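Handing you a structure now.
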């Protein structure tokens, strides 16, 4: 007789069925950053999750950062990393290092995906003119080659998806003079998700999600309509680094992304669990009239 | 913290990854018959398995019989079902009833698949000229409209697969005069699997698989190369209804099907477990040089 | 010298030229029912007409009923056919029989078309989710599984036409719970013609057409604009079974079908004669501004 | 009641059904010349036949000559037409006139076809590099710009057929220096039929066909296998202008054309009658193993 | 060492780069007429220019006249060319000659293009129903088969461009009765450019361009916005044959052509120089808001 | 009057016509390295040449190295570049730096091409599994992550060319364990040219070409059949770094590349001059039976 363990396995697969069905052939943009990039085991989990999404018919696009690795290499060449208001001051040599390091991280991810039997191509925002930008100022101060996205040309992404590749993007853009700029990876993921009309945008980072009360760990919100998200910000319930992230989520939804997920990259397979099970991991931000899927967190 | 139950779920999905990858966009012919057709719960399981295969990128084709239901309706109109050497004696009225009943069963399956969000089309072997046949004799005796397949025209199946439908076939064929014939569903599944160069052919029926010793329930064989299958028959280790089924398996492999599975339809999700886990359910028949995947049965 | 007989043949073919040209690659929905289904010779004529339309470049779709055959089989299993206001009271067993019998009739037509060298596929309204419906009440009374069409999904028809098949449809639909419903074949033909934007919809039944005066056989109308058709109903000039048929015609034209024909299926090749010659057979219903083609009936 | 005349019309159409089916989407090359080009009524018949073939799904290509019209215009400019062994002596001015006159005839045919609602394009053998040739000598004598075809580039014909045009070709070719050459229209039709793998090649000219005995008008042969055609030539039963025509037929069949027809263009609709009825008009030349369709001439 | 001559060559090619880029895959209609048709060397230059445009990715269409050649042949057959208000009085025999001569000129151009390795197809306005027209009167006087274009069906041009041919058109059209009409080549080029939404329309004729002062040869205008062109006409600065040409230019731009060039066909490669260098040859007419590219004439 | 300077420009463009024609839509692999990478002006020339090739219909692929830049960055992080037999000893940190630096150089080239209006995508040999390799030993000695190509998967290149991108490749590959390896850029260019069946492979480096006598600068060979190239090596006429380069050329031609060019990247536009003029720059290596195009060097 077949024992229970195997029947349970089958049940898990069957349970995923409605989710596979609902999002089949939909584009999912995954912003990958934070601790999940540094821990080899977590990295393996994230990449496997993305590969599984690809194999069951989704169209994932990975956008990644690499801030800590950049700082490490800035140090190696005897320079010092400098930040103003959380933005890296990026002179031309820092810019060169940032581009080199992000490219290296990118190719590691490409190789990992390829090793799992899925075709991947790694590109920057300069390839195919993907991410055009202009200089960003920090409270009026020139902090060098830090860019704000002004235009996304998604042709290269559509072409790679059509040819069955998993695109992996690192956020270096170009301006009118074709100079290079460092772009915030969250912003890049958000702009790309909008441009390709993604069904989902998932931020994998080191936070668990949005809390009703930022001081109460039991108050994690599973699903949040944007009107409520806007109110949380206005009313001061969220703070710090969460505000720009939440604003990104709100903007993405306002521009046509259907659902944005803030996920804890430190939880193994949080992406898979969020998408394939009726267990809400982290916080999902929904359209004003978006239907809630999940029960409260257990 | 996310509890272990959810992490286990993720692991099951990840475990399926290499199997999804290996068989992606491959055609799988599923012969569906026996008790699994009569028990509503088992039926639900089989259909869900087929739908999941479809959704994760396989191209399943279901071929089904309906013997018991035919006999029931033969009874309802006041006739008596008659068999010679296991073959239904099929006069023209029986033929009409067989076609009607199989069509009814077929449309039930179509509706079930459609209700799970996957497009299905039910056809007979007459649609698109799929199954051409000639009269089959039982030891020289004319038993009516019982047919042997002489030619398969798979165009309609390729067309439906291309248009993303799940085809469901019932085994009524036609001869040179376009008269209708009842065909054995195992034979139909086998001939179709050959014609479409299926990667896999799975027989879901009321037997657990092939035994080394038909009297020893612990001797179930997980994987069997065709040369060994031929030997089992020659040496008399298998008998009864197993011989034609095994011959069908051998023939399918000789005509280009890569792997044939004999599965117990009474085990829930046996199809899914066979394909997506490293647990062999039933018996797989392999090419002479086919690689064995599974450990022995536990 | 070539004798006159042959020259006359050539003239008939040449005479068809402008009609072939006008309707080339247009969809023609043929509702096939009544006596023409029971008489083998008439059936042969109808099918040959449809096949000829297919071969000269039209895209015919056949929609058929089978009421008399259903009643026969209801009788065979010892039940009694029951009607309320002309609608068959359809309990679940009657529903099963109706579906089985229509499927049998369908496959006979498929085989006939195939035998003439044209590919055919027979489908019900459940295949590909073609005909969605809801329960129809007869003056508020529940008469079982009798359905009103609420939605047509023509994808399967477009797919089959693209792949060069002649689709043959029998009118069984499904509701929200995927339960089966018997649908009036005239309604199904009408709804399908609307959904595929048919150029023509032809009703082949046991009436000669519409009469100016229902009691005067010499008053058959060749061509009728819908505004005049509406007036005929209002003014009480038509009656009985003609009213719903005429309403179907009016509705079809209101939803984009260009021309609807009411033809007498008992006249051999009435379909061909209506389409390929300047002889009006039966009655054609036209748009408000539709151009009349034919001379009066001789 | 529908009178017999209409039923007879329907029967003629139905009788054409198997022929339409057999040759559907096949290429038919029609060599059009002789008296049928000069008589306006015969011309109308030929063009209508070709248009009907196009509309019912064949792919006709018309190749035409214009010898008598060329001679007329040579005379108009005060020159004299000169022939050696039946070949027009073609100095450069005669060549210019030949090209001009054939182009004029060509555009008349184009307009006629267009007026019947079918798209036509008229081209010479120079357009798209269709007919490459070299100088032809008449028993060693240089007779000017008279060409033998050395190479056919059928791309332009395939392109026009794909885009649903009826191509009409006049036989002016070019040599290595891109000088223009007059080509025999029978040769051009034959070479084109070979290059496009035509199903049929029909010569419409002023002869009734091949006779068993050239002096006995009752001995017209309906169907002739090429081995018998070769024998007729060897044994001297055919003579005069028939020999090169018959050789063209033989060569076309040797190069893959399935059936070649020699038809009397003076019989109205001889093309249509030959193709759509079981009445053999003229003589059909068949492959060695070609099946005979027709009864003897009545 | 590579000498300067070669480096200069490279610079010329590089200089063409932005022009190739700007007009890549755009349609350019070239009206070819005047002296450039009579001088063999100029003809070679024009054709080579068109071929180069084709090879570097443009989609040229050549429209040509042949007035002088027509007059020559009218004379050859002993008739006299007659003009009223600059329009050729075109009786039916003149019409025949015009069509024949234009076809001959057309096929010469086709052969020339083919000899340079580019596929060409020559068509008239009758092929594919390209140019429909009605009789044009000269101040109310019937001057025979002279036509005004009423409708352009560009399908044949799109088809030929798609199949990578260079279409060469001569301006003979047809009316409702499919009679042939002679059309002014400038008008034909203009109507075709509008119908295919050409990027550019270039008139190659025997004038250098538009002058600010028609009596001052140094006042050639390089670029002219249509509002200024209209004003030049109103204010009487241009006169004679320039008015209809300029009106054609204005109309073409009003109907969507981006830029119209009036070029001197007597200057070798004026077409190439106008398109590929920053040297304005002749006069370019621009949209109201069109950007000027060129410096003044040197 | 148009002055001579402009006419000369036109002549240069016309002179390029046969070359554009001959190589239209052919793949040209350009190995770009040496001094031409360091001098900004030379770099601009090379990129403009490649862009012009793209715009006039060729399909260029750029493969580049970056040895000097790698050494510079190895120095920056305080390490020392080490070479054995001309191969860089590549420990894992050197490997990281090599990948980062090549990626940086790659993206600079991408931006340059994009700024000229042509879409470019930069990839490594890891993207799309392009360059698989195994460890290369230097006379049996392990020198780290230096790879020999074992397999090329050109899918990503074909996909990018189909989508109209100019692919720019840097030579980092992967082995069975998906570890990264540094590959010689000449080898990569050669392997890619073979895999995509390039028409041409051009090596742009710091040598003028092959000399008959390596000590006689006037003995530069314009065109060389491979059998003669083999002989030059055997007979000791070429030496040093030329031997592996010449062997690469020979191998490329043996594997189907039609013509290999050794060009001096220090000469401005040497690529353009070699391809578009009848002036041989550098040395072309031809198939055994390849036709020589050029005159001797002047």
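Letters A, B, C, D, E and F name the chains as they come in the text, with residue numbers starting at 1 for each one.
To be clear about the criterion, contacts are C-beta pairs under 8 Å (C-beta built on N, C-alpha and C of every residue); 3 or more make two chains touch, one makes a residue touch a chain.
Just so we're clear, the structure is a prediction, and the values are computed from it rather than from any experiment.
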Least step count from chain A to chain C, where 1 means the two chains touch: 2
Chain at maximum distance from chain A, centres defined as averaged CA atoms: D
Separation of chain C from chain D, taking each centre as the mean of its C-alpha atoms, in whole Å: 44
Inter-centroid spacing, chain F versus chain D (mean Cα positions, whole Å): 56
Chain centre separation in whole Å, for chain E relative to chain B (CA means): 69
Junction residues of chain F, two or more chains touched: none
Chain contact topology (line, ring, star, complete or other): ring
Successive chains around the closed ring, taking chain E as origin and chain F next: E, F, A, B, C, D
Residues of chain A defined as touching chain F within the complex: 73, 76-78, 96, 99-101, 103-104, 106-107, 110-112, 114-115, 119-124, 126-129, 155-156, 159-160, 163, 165, 172, 174, 178, 180
Chain B residues within the chain A interface of the complex: 2-3, 6-18, 20-21, 24, 48-49, 51-52, 55-57, 116-118, 267-270, 272-273, 276-277, 279, 281, 298
